[in-house]
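In order of appearance the chains are A, B and C, and numbering begins at 1 in each one.
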Amino acid sequence: MTTAWTPDQPIVSIKDVHKSFGPIEVLKGVSLDVRKGEVICIIGPSGSGKSTLLRCINALVPINQGSIKVEGQEVHDPALDKLELRKKVGMVFQSYNLFPHKTALENVMMAPVHVLKRPKEEVEAQARRLIKKVRLEGKEDAYPGELSGGQQQRVAIARSLAMNPDIMLFDEVTAALDPETVKEVLVTIRELAEEGMTCVLVTHEMGFAREIGDHIYFTDRGIIVEHGPPATFFTSASDPRTRAFLSQIL
Amino acid sequence: MEGLWDFLRSLHDAYGINLVHFYDTFERGRLLRGMWTTVQLAATCVLLSVLIGIIGAWLQGSRFKILKAFVQGYIQFFRNTPPLVQMYFFYFALGPQMPRVENEFGIAQPILGSFAWAVISLSFFAGAFNIEIFRSGVEAVQKSTVEAAESLGFNRWQIYRYVVLPLAVRVCLPALNNNLVNLIKTTTQAYAIAVPETLYIASQIWSDRINVFEMMVTLLTFYLILVGIFVWLMTRLERSLRVPGFGQ
Amino acid sequence: MSTPASNPILIQPVPAPAQGESGFLASAFTPRALGIALGMVACLALAGEAWAQLTVGGERPGILATLWKWTPLILLGPPREFGGFALNILVSFLAMAIGTVSGLALGLGLISKFAPVRSVSWAITQFFRNSPWLVLLFFVMLLTPFQMRIGGVTIPFPAWFKATIGLALPIMANIAEIVRGAVNSIPTGQWESAESLAFSRLQTLWRIILPQCVKRMIPPWMNWYAILTMATPLISIVGVNDAMTLTQDALASEQRTELLMPMYGMLLLFFFVYCYPIARWTIRLERKYAVRN
């Protein structure tokens, strides 16, 4: 079932995915493709299944039906090597979820050292570079409890990048931040996108989505209502639900 | 030192305060050995019971229902029966079923002595409490933190070892401290199966020397100091584990 | 010298197993746990039975018959004498009653406005909380007289009564801590509003503060009762005819090694059957009061 994947094929390929939590069906047949280097933004009202979709891509939650392939590998396959998948896919959460008992530097170093078993010195050098990259130089030895939300979120991004992923998933990463710190996180993501990182973002920041997104998807009640490049999506959305949503937000 | 012993001896002659267990070399020797046995007994039980707690709490997160039920049965049984009867059960009922080995004089003796049985029974007793203490700590760890570790490719054991346990330990240290203090006090029960620990030796001394009151005061002081030292160590541990911005 | 003051845990050694499984724990689990316990004893009895058949042949009475023969003695003590498991329970009731009343007084001493009373109460509490129970038991057994003359009347102190006092002492200290913790948990606004209504300090305590404390004190109080009950076999060490002593007497008169496990197992079971429901009930009350607060 797995044919050799080549970079010209979609790096993430989602086909007719259904997912229920008990009696509630949160995904009702979602399909979308992500190509290498693309930035995909998923927008939509809360509870429309956006976050669940991201979690499915990372195999954090199993799906009931359909197929999700990452670099040609079926995520839904019970024989899947989850470690291989998670090396390829990095994820950043709304609530940062840093390990509170480790410093910023240790947070970034933990997975490469313990999961990938890479040599410590090499990982530390990389971690310091990444912390510099997210503009947190000098905060290496701070504990998460001593950092602001925006700073914690940037550490979380560095932590995911330390695994050298091919794709980054961002789950409403600015939703828990106060307005002043939103910008610093968005700057970091924009830089990543400009470097050619494949990104899938679930976001409420319409302006940002419009600016950096290559493709916008609008979900509502478990289905993709409409999608298109930002230029057309934001100006000439055809579906009334999309228009209603956009008029509320913008 | 000699001066002190002479002073204590004079207390006996002048006021009848009999501190023979300090100034008499033989009594002092056996009392010190008894205290050392208590320290060894307590330290071994503390380590073993904490180990039982850590492993048990991990098993409780297992997917196998039978395993979980087994751990649950163990906890409930050991929590709701008297520790003294548990100790008798181990020593008098299980002990004789164990194989015997020949000692250096060619005499067959049980493979486990009373000290070993005291360690086993006290560790299982305190371990049952420790499992629940660790489990409450594990449950206090945020699900989202675990999810983040999962998304970074940690497997179940790595998540427990590097994320859940370090956080849980910090949460449950006060409760653990209390249970272990309780355990240290309960080591006196080993008296009942003739482990030569402090209480056992003290009772021998007060029978030989008829100085029950002085011995009692010494005994209680010893345990207060022992518990005090342990609490001090635990407080230091707690302080060294404290993470800025976490807990409180 | 003391465990840290901020430890409601000594009052309550283990947090209730949380999780949303209250229904599971309260209903389905109780019979299952009891089943496990009964099963264990039955297994021990059967194993002993098989062992007996193999080693000595069938001429002696079976294990279960022997257990049954000794059950009345172990539960109720020798004829026309009080003892056995019933004595364990009696001692637990009395020690709890004495410990509760004296602990209440000591606890009020801990929150006294008068500093010397506070320090003395604190010292007493810490001393009895941190001393091993068995040592305290020896202390009382060996250092109190076996009788006392008041006027012309001689009041005897039987061993079981002295043992009860010995067990009541640590209970007193721990109840005092519970009282202190509960009183401190009442918001100061209650004190202030009572004062503004011209209540005296004692009146405020008695009519306003303590009634509010009762609910939060009940679960830890019950917990200490269970701990106390499980400590009662200690009195066998100082020569009281409790269930433990009688079990050993029975074993000594039988002289059969295959009886060891079933007999001790049966004694464990008696305590389990008595203490387990108390533990469950305590957890239920804890949850109930936790929701209200």
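Convention: a residue touches a chain if its C-beta (ideal position, glycine included) is under 8 Å from a C-beta of that chain, and two chains touch if they have at least 3 such contacts.
Owing to the predicted nature of the structure, the values given are computational and were not obtained by experimental measurement.
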Query raised in the report: With chain centres set to the mean of the C-alpha atoms, which chain is at the far end from chain A?
Result: C
Query raised in the report: What are the two chains with the most C-beta pairs touching?
Result: B-C
Query raised in the report: Just by CA atoms, which chain is the most central one?
Result: B
Requested in this report: Averaging only over C-alpha atoms, locate the centres of chain B and chain C and give their separation in whole Å.
Outcome: 20
Requested in this report: Averaging only over C-alpha atoms, locate the centres of chain A and chain C and give their separation in whole Å.
Outcome: 56
Query raised in the report: Roughly how far is chain A from chain B, going centre to centre by Cα mean, in whole Å?
Result: 49
Query - Touching two or more other chains - residue numbers and ranges from chain A - result: none
Requested in this report: Could you list which residues of chain B touch at least two other chains?
Outcome: none
Report task. Could you list the positions in chain C whose residues touch two or more of the other chains? Result -> none
Query - chain A to chain B touching residues, read off their complex - result: 58, 60, 82-83, 86-87, 89-91, 93, 95, 97-101, 110-111, 114-116, 142-146, 156, 159-160, 163
Query - Complex contacts: residues of chain B adjacent to chain C - result: 69, 72-73, 76-77, 79-86, 88-89, 92-94, 96-97, 129, 132-133, 135-136, 139, 174-175, 177-179, 181-182, 185-189, 191-192, 199, 203, 206, 212-213, 216, 219-220, 223-224, 227-228, 231, 235
Query raised in the report: In their complex, what parts of chain C are in touch with chain B?
Result: 1-4, 6-7, 9-10, 13-15, 17-19, 29, 32-33, 36-37, 40, 127, 130-135, 138-139, 142-143, 226, 229-234, 236-237, 244, 248, 251, 257, 260-261, 263-265, 267-268, 271-272, 275-276, 279
Query - Interfacial residue positions of chain B with respect to chain A in the complex - result: 142, 144-145, 147-155, 158, 162-163, 166-167, 170, 243-246
